[in-house]
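Down below is the structure, laid out as structure tokens.
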């Protein structure tokens, strides 16, 4: 009869990103079983969305994946605009794309920093947050909000880009490129980092498909699935970029892949910033008090590629000013479900690194 | 132009100890750079033009249409019956999209009051207001000692230092 | 002339026994005060240094340049309530931090500090086996860790203790063997007569290093340095108190000043380790120009080592326990044995 040690990692614990609980069964230091408890941050966002006007719900989507707010907004908006047959001006679409990619960079930076912190590397965290702060400053310049931006609106964006913002983005990218390589180097040159990640947290592609895993986790297992490529929204089909995949299937491959994706995000921003046309940034149908008079009928499912993977939004309208049902397909929820499979037979220190590598945001899981 | 799939290149494993020395080199390099901290209460970082926080109300322009109450995502704004004293309001003028206004348009005398305890600063009330009566400013230091964060319509017209805390 | 005789001279009007007693007491107090002030300076420097690496400013509110920050922190820790866990083993729980703290402090008294112009030699312990004494005191520290971890009945602390024990066993053997190589080299000139004892004396080890032993046996230096990181348990090898996995390992259930004592133990070990390395491998108080400033030389060497240790702390990730045990038994132990053999050949060669 085996004797187990039970260890609670969470709800309040330095290793978990947010509030969730891992109940770990240990045989000495080897993990026998992991049980995940979720729901500590449940805020009933889907139900609240049914009680509000279409335009109001942006605020709740901002607070789902709170470090990748732009992509959350985008997911909701693509669904609602499809539902209402709302046309979005071209300029607004390019602006949205730049903002979404900038926010992807910011979210990845948080992920990298926290990943380092999980392994006891104190320094990269601060450098990541210094750079993220610059992105957030661009957000403030554009929208007035730092993290929960509420920038995009139905039919466009709330405020137009001006020359200063475009200059700031260009300047930021110029400074960021060497900085990113430095941060990458801080991780990659250290052999202990390799020891901690090489061959740890192996996720087989068929297991990943079974669990519905998307995002860097799936691409890290060698399956090239990216919503930006497979079902292009905005103008992702008009820019050149790579979808990096890795057949290494482990933490190391995923880490390199995430950094490579950041480089690709920079490429996308650089290309799209030259392509912004002049014109309106807002559809007049959704202007001012019309924000409250937006009606939708029918049902729609729309998806975008958020920081963690495929973020899908299902909206059903019944012809009134408020949605009848809103449902969110949260990528982080699927991703976190695969942690017990990846962590089985590993050591407790590996579990922490795997959680860091999966990099979930609890706001999105619990909603 | 559709995105192309590309396999990542896995770099070579670093040499033990030498790799760590290289990491330490990169980390130590930043010792000679300037710190980027701003010492908040003494020095305030520059606030971008579009940054918004505290909600203000121009009672002359407010027509009591309740649109802000309706759009507020978490019901932080409630309409409230409020009598502004004449002499107070005469001093206040506001530049709106429709010119300068000093007369009270609000026949029903209902004005918004805002609970800053729940306000998410989504700026939709400013966006929707047809007369630009409700607007947000750069002022963001509205910490207070009393329990209620609700600003009455009268307090919404005042500067932060004049509001009783 | 050393510090003891100097103090004895001042108090010679009291007669021999009393003045010697006062002499011993005072110089011990001096060293403990010196170490205490060094700790405060060390933690202040660490925080400033780490802040600058991470592009922050660091403590700057309490006192001029934040110099009083650590005193404020200590006062805060003393003022805090000590939360005692339920079901603890009371005695073990309470003496564990004291063991760590006292052992760390006492070990400073053994070190040969070298000369300082007027005072003469600052070395306190005039024993012939100071090296053995020092290792003896270092081997007390694991007892504090085990008592502290096992007495609290917390699973985090339990795993932390297991790791601490595994860690201690795997690095202490290579550490001792590489110290043995030092003893071999330093006792080579005493081969005739009552020889071996001289090699265990840290003072003679220092005076023997016309060329620092670190240059003669660099492998030993690396092994010893890694062992000292593991002994002090900061980041690459802080598996026992890995704060992202086990909260703080065996100190999880400690709070208030008891936690502060563990913290002092950590910084004390970094400082002691740096002293130890500079004495054994970097010629301690030997300097280029004059022997009068031996203490200053030692101090400078130690501080450079401390800064290197801090840089390692902030830049490297934490190693996993099985990899560390691997490192200890599969790499450090053979390396230290090779170093020992090499030291033997070296003695044969220079004779």
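Read from first to last, the chains carry the letters A, B and C; within each, the first residue is number 1.
Here is the rule we use: a contact is a pair of C-beta atoms (placed from the backbone, for glycine too) under 8 Å apart; a residue touches a chain by one contact, two chains touch by 3 or more.
Everything numeric here is computed off the predicted structure, so don't read it as measured data.
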Contact pairs, highest-scoring chain pair:
A-B
Relative to chain A, which chain has the most distant C-alpha mean position?
C
Closest chain to the centre of mass proxy, which here is the mean CA position
A
Inter-chain centre distance, chain A versus chain C - centres from mean C-alpha coordinates, in Å:
46
When the centre of a chain is set as the mean of its C-alpha atoms, what distance in Å lies between chain A and chain B?
24
How many Å are there between the centre of chain B and the centre of chain C, using C-alpha atoms for each centre?
53
The positions of chain C in contact with two or more other chains are 53-56, 236, 314-316
For chain B, give me the residues that contact two or more of the other chains.
17, 20, 23, 26-27, 30, 36
Mark out which residues of chain A touch at least two other chains, giving numbers and ranges.
123, 127, 130, 186, 190, 192
Where on chain B does chain C make contact in their complex?
17, 20, 23-24, 26-28, 30-31, 33-37, 39
Which stretch or stretches of chain C touch chain A in the complex?
50, 53-56, 155-156, 158-159, 162, 235-236, 238-239, 242-247, 313-323
Per the contact definition, I'd like the list of chain A residues that touch chain C in the complex.
5-8, 13-15, 26, 28-29, 116-123, 126-127, 130, 186, 190, 192-193, 195-196, 347-350, 352
In the complex of these two chains, what residues of chain A are touching chain B?
52-53, 55-60, 123, 127, 130, 137, 140-145, 148, 150, 153, 158-159, 182, 185-186, 188-192, 194, 198, 224, 226, 228-229, 232, 236-248, 252-253, 256-257, 260, 288-289, 291-292
Residue positions on chain B within touch of chain A in the complex are 1-8, 10-11, 13-17, 19-20, 22-23, 26-27, 29-30, 36, 48-52, 67, 70-74, 120-124, 127-128, 130, 136
